[in-house]
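Shown next, in structure tokens, is the structure this report addresses.
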Amino acid sequence: FENDAVRHLFKQIFKASLQLQKDDSKKHLLVSRKKQAEDTVVTLGSTQVGNGTPTIVAGPCSVESEEQVRAVAKALKNNGVTLMRGGAFKPRTSPYDFQGLGVEGLEILRRVADEYELQVISEIVSPSDIELATKYVDVIQIGARNMQNFELLKAAGNVNTPVLLKRGLSATMEEFLHAAEYIVSRGNKNVILCERGIRTYEKWTRNTLDISAVPLLKNESHLPVVVDVTHSAGRRDILVPLAKAALAAGADAVMVEVHPNPAVALSDAQQQIDIPTFDQFMTDLHASKLFPSLVESK
Amino acid sequence: FENDAVRHLFKQIFKASLQLQKDDSKKHLLVSRKKQAEDTVVTLGSTQVGNGTPTIVAGPCSVESEEQVRAVAKALKNNGVTLMRGGAFKPRTSPYDFQGLGVEGLEILRRVADEYELQVISEIVSPSDIELATKYVDVIQIGARNMQNFELLKAAGNVNTPVLLKRGLSATMEEFLHAAEYIVSRGNKNVILCERGIRTYEKWTRNTLDISAVPLLKNESHLPVVVDVTHSAGRRDILVPLAKAALAAGADAVMVEVHPNPAVALSDAQQQIDIPTFDQFMTDLHASKLFPSLVESK
Amino acid sequence: FENDAVRHLFKQIFKASLQLQKDDSKKHLLVSRKKQAEDTVVTLGSTQVGNGTPTIVAGPCSVESEEQVRAVAKALKNNGVTLMRGGAFKPRTSPYDFQGLGVEGLEILRRVADEYELQVISEIVSPSDIELATKYVDVIQIGARNMQNFELLKAAGNVNTPVLLKRGLSATMEEFLHAAEYIVSRGNKNVILCERGIRTYEKWTRNTLDISAVPLLKNESHLPVVVDVTHSAGRRDILVPLAKAALAAGADAVMVEVHPNPAVALSDAQQQIDIPTFDQFMTDLHASKLFPSLVESK
Amino acid sequence: FENDAVRHLFKQIFKASLQLQKDDSKKHLLVSRKKQAEDTVVTLGSTQVGNGTPTIVAGPCSVESEEQVRAVAKALKNNGVTLMRGGAFKPRTSPYDFQGLGVEGLEILRRVADEYELQVISEIVSPSDIELATKYVDVIQIGARNMQNFELLKAAGNVNTPVLLKRGLSATMEEFLHAAEYIVSRGNKNVILCERGIRTYEKWTRNTLDISAVPLLKNESHLPVVVDVTHSAGRRDILVPLAKAALAAGADAVMVEVHPNPAVALSDAQQQIDIPTFDQFMTDLHASKLFPSLVESK
């Protein structure tokens, strides 16, 4: 092995083999670009996620009442936003925190969404609730804490309702794509990936928005990519620049939490924006040229 | 507010209030020392976890066959170890990796454990399997990826079988204790906390063993604390020093993965130790004086 | 303290005091917006950094020869870029790696820059070289590894040459601003802050670009903010989306490494772009409308 | 390449080559075990660091006065500790914090150390102070923030005074060993490595003590390894278990900060221990059997 020529030869073989190994390990992933070159487009009513025109997902952290949801729905409608998020089953750090309204929350979301012609995105946390959820929601959200709850992923893979899968708190890109593969490999091809910030040492933001994840995921996978700016930032004052950055980086949608009165919200009181702030948020995005104007988008 | 005396007064009030706030937020946690001063001791057959005498948990990553489990069980018996771990339901990053033998794996574990008078610890990943599991296992393990799978925590809180709860990949101490609280607040008081390394930038180990977690958890909570050295290190060459460090820091038990032939293991092939290495591991721990001798422990 | 009214009162005082404390601790920072509301604009020849019109900094990782620097300088000139970076003193992980050409490198940079009417940015690593550097460079760069090399910061604060200060590998926003304060408090007010990615567990990028740092720093401080996309990404395929994201988030400039032949570069061979790729990079930025067109920028 | 036999062959070559590459890249490091199998022992007066018998380094964070240092020195003497640390040049986050007494601090340390027959360890922050420092100190400390201040490392490599090199806030093992190599490759072979915790998301400790670093460094390198429990924990209540863990993991020494009156300390007031607590700390370590008794150690 001390002979230079042999060493050189080995290095060449090594490099070729390394590439081979890598290609090998990725070649069976259904979520990869290598398996499907064209973008997956998820159709949600009149809106398409992943077709090159970015869109917005907005709504309250938790569903608290029909009045609250209606106030938000109206604001979405006014701003040309058709995708409404809202939490009915809330995964909370403490068992003593508000755990959501459950099925009653889903019913409220559905009723108000139908009234305003919106699509509903809501988190499901138990495999046994997936079937039930398909009756109420247009998109099943799987949250960051459940990204590697493989039983939940499998259950979501067994239905046809689109799934918005959030990246785990400290999930690698590879783990994120493999989690999506759990769903797609079961037959449900309508998966939307959601970057929502990762956990780092930095505490001026609740999480660190990993903006690089957007182009990496778009390059590696054909699935649409959404950026949740609210959970990334955990504060209101930088939501507009983060949303612009997400769109500039190639995100298919931006998700933001809106509440009629954040100060009294039963969860995430510090980071939801009120309706006038949401109106301004939308105005700023339209003005940025990174986002189609309201007229164009209709 | 510019007046010094007023500022000073405010600072005093501030500090008092701060303490008050903190005390307030922790005062309802059932897992805290403030709520229960004496250590919780979990009795597993002839072994007690949390009574001041440290113990060992060992066994294969995955149950692969009865022969494999029997070989390990025999090695445990020979070394005076009574707690056997083994995975039947395996949460794997990729859907294409070995997913475990399921109920068949639990049956093997139970049969062999009874033969060798061992206690069985095995991971459960679905809320709907908790009831079933209580028939086969002595301790239900909830894995790192499921630490905030609150539906699973609730289901585990509804039974009487002891629970070994692993810290999430990037869970804070606070989140870890609140996850335990989900179980205890439902009525199941036999919870064992397991530090298994956290995810950091450092890649010479699979995870970074957060040794400080041991005294912090022992101070803050009355629950027993186990350290999983195998998943922390992700390599074999430092298991003995890590186990010694865990015991020196006050851990109630050390967990280690043992396989009759790690090279052909269906999971974690790089980090499990073979039986002669396990024998040496036990010899080294006994020699360290951090651990009772085999004679004493009988 | 058990009385609810008293508790409520204390909480109000607590919150007021908390804000007071925070305001207090920040009030003396010269780099803060509270101390200076208007933006600091650093004038570098015909280019102004921080005046609302974004700009580009480009050049090789290391100065290797006059021919190499000239080739890059020409490409900059062709693209309307006036700020050229290049390393003469290289802080390298291993003592056996190329350590840079030193003063000879600075001489090359100056000569070529004068020829093409460019401004030179180059890293200085020793307090004793700061004086010398002022003869050759227009901007002294202080690298990430030296962000808390306080002797170097002090030396840079004692001269008038503008300073580009890079965020440390795992520096908090607070530490970053305090490092800048070391320079400004000595009298040198021309400091440019540079976000270059932070160290996290994610390995698909060399560092994790903390895009939130851009609006946070712009809000908190009046100093210009640059984003180094090359060191953030550590790969070439996502430089354009990251540069767009940086501009969309409000960065005053984007820094990128360019080399005539990256494959033979003496440092950072994996991540520098060649000249045709740089031309395309600039074309893409101009097309994005996030950046003034070449005509406008003249 | 699709042929299985060829693939298998390539994999074998790949693995062999991979090992070869790795061995290759490490083979020139003077700090590695491969280059020197036997332990480096650094002799400091009557104490040897790295000879298999662990020892203690203790002293105040900052030198504040001769009285303060004398009080600590006396406590060290009483406990059989011969290595005294103390900061004269203090690298502080804010330019407005106490920056240390400088040379006057070194003079105090030397005077008191001579009086009590102790060895002095003190941090140097500027390459130009290294020569000066050799007149006053027995060990030059290079702090975490300066671990990749390569000019400082080079200057420390040019003298004969032993160097205690702290791991950077987010330095990998590889970067740490390469930083030591900067010193050793210049001719100064007396380098002591110091693990002091790394920066992670967990905030119950100031840093996360990476206990695995101890056996990893001992295996990979022949240099002595010290663990600084004070900077790892950033709190007093877990110093004893962390010190025990460090010793159990194979550390050659434990470093702890002691101050006669921590409440009024000019730096690190929250984490230094007072003298009675230090006495108890030493008593606990002696009682743990992980550390030679006072009688044995004499």
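The letters A, B, C and D name the chains in turn, as written, and every chain counts its residues from 1.
One rule holds for everything that comes next: a residue touches a chain if its C-beta (ideal position, glycine included) is under 8 Å from a C-beta of that chain, and two chains touch if they have at least 3 such contacts.
Bear in mind the structure is a predicted one, so any value in this text is a computation, not a measurement.
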Subunit B against subunit A, contact positions shared by both copies (same if over half, else different): same
Pair sharing more residue contacts (C-beta pairs) when B-D is set against B-C: B-D
Most distant chain from subunit A, judged by the mean position of its C-alpha atoms: D
Separation of mean Cα positions, subunit D and subunit B [Å, integer]: 31
Between subunit B and subunit C, centroid-to-centroid distance (C-alpha), Å: 45
Of all residues in subunit A, the ones touching two or more other chains: 170, 174, 199-201, 203
Residues of subunit D defined as touching subunit A within the complex: 1, 7, 10-11, 13-14, 16-18, 20-21, 199-201, 203
Complex contacts: residues of subunit D adjacent to subunit B: 170, 172-174, 198, 200-205, 208-212, 214-216, 219, 232-233, 237-238, 241-242, 244-250, 288-290
Interface residues, subunit A side, partner subunit B - complex: 28, 91-96, 125-128, 145-146, 148-152, 168-170, 174-175, 178, 181-182, 185, 199
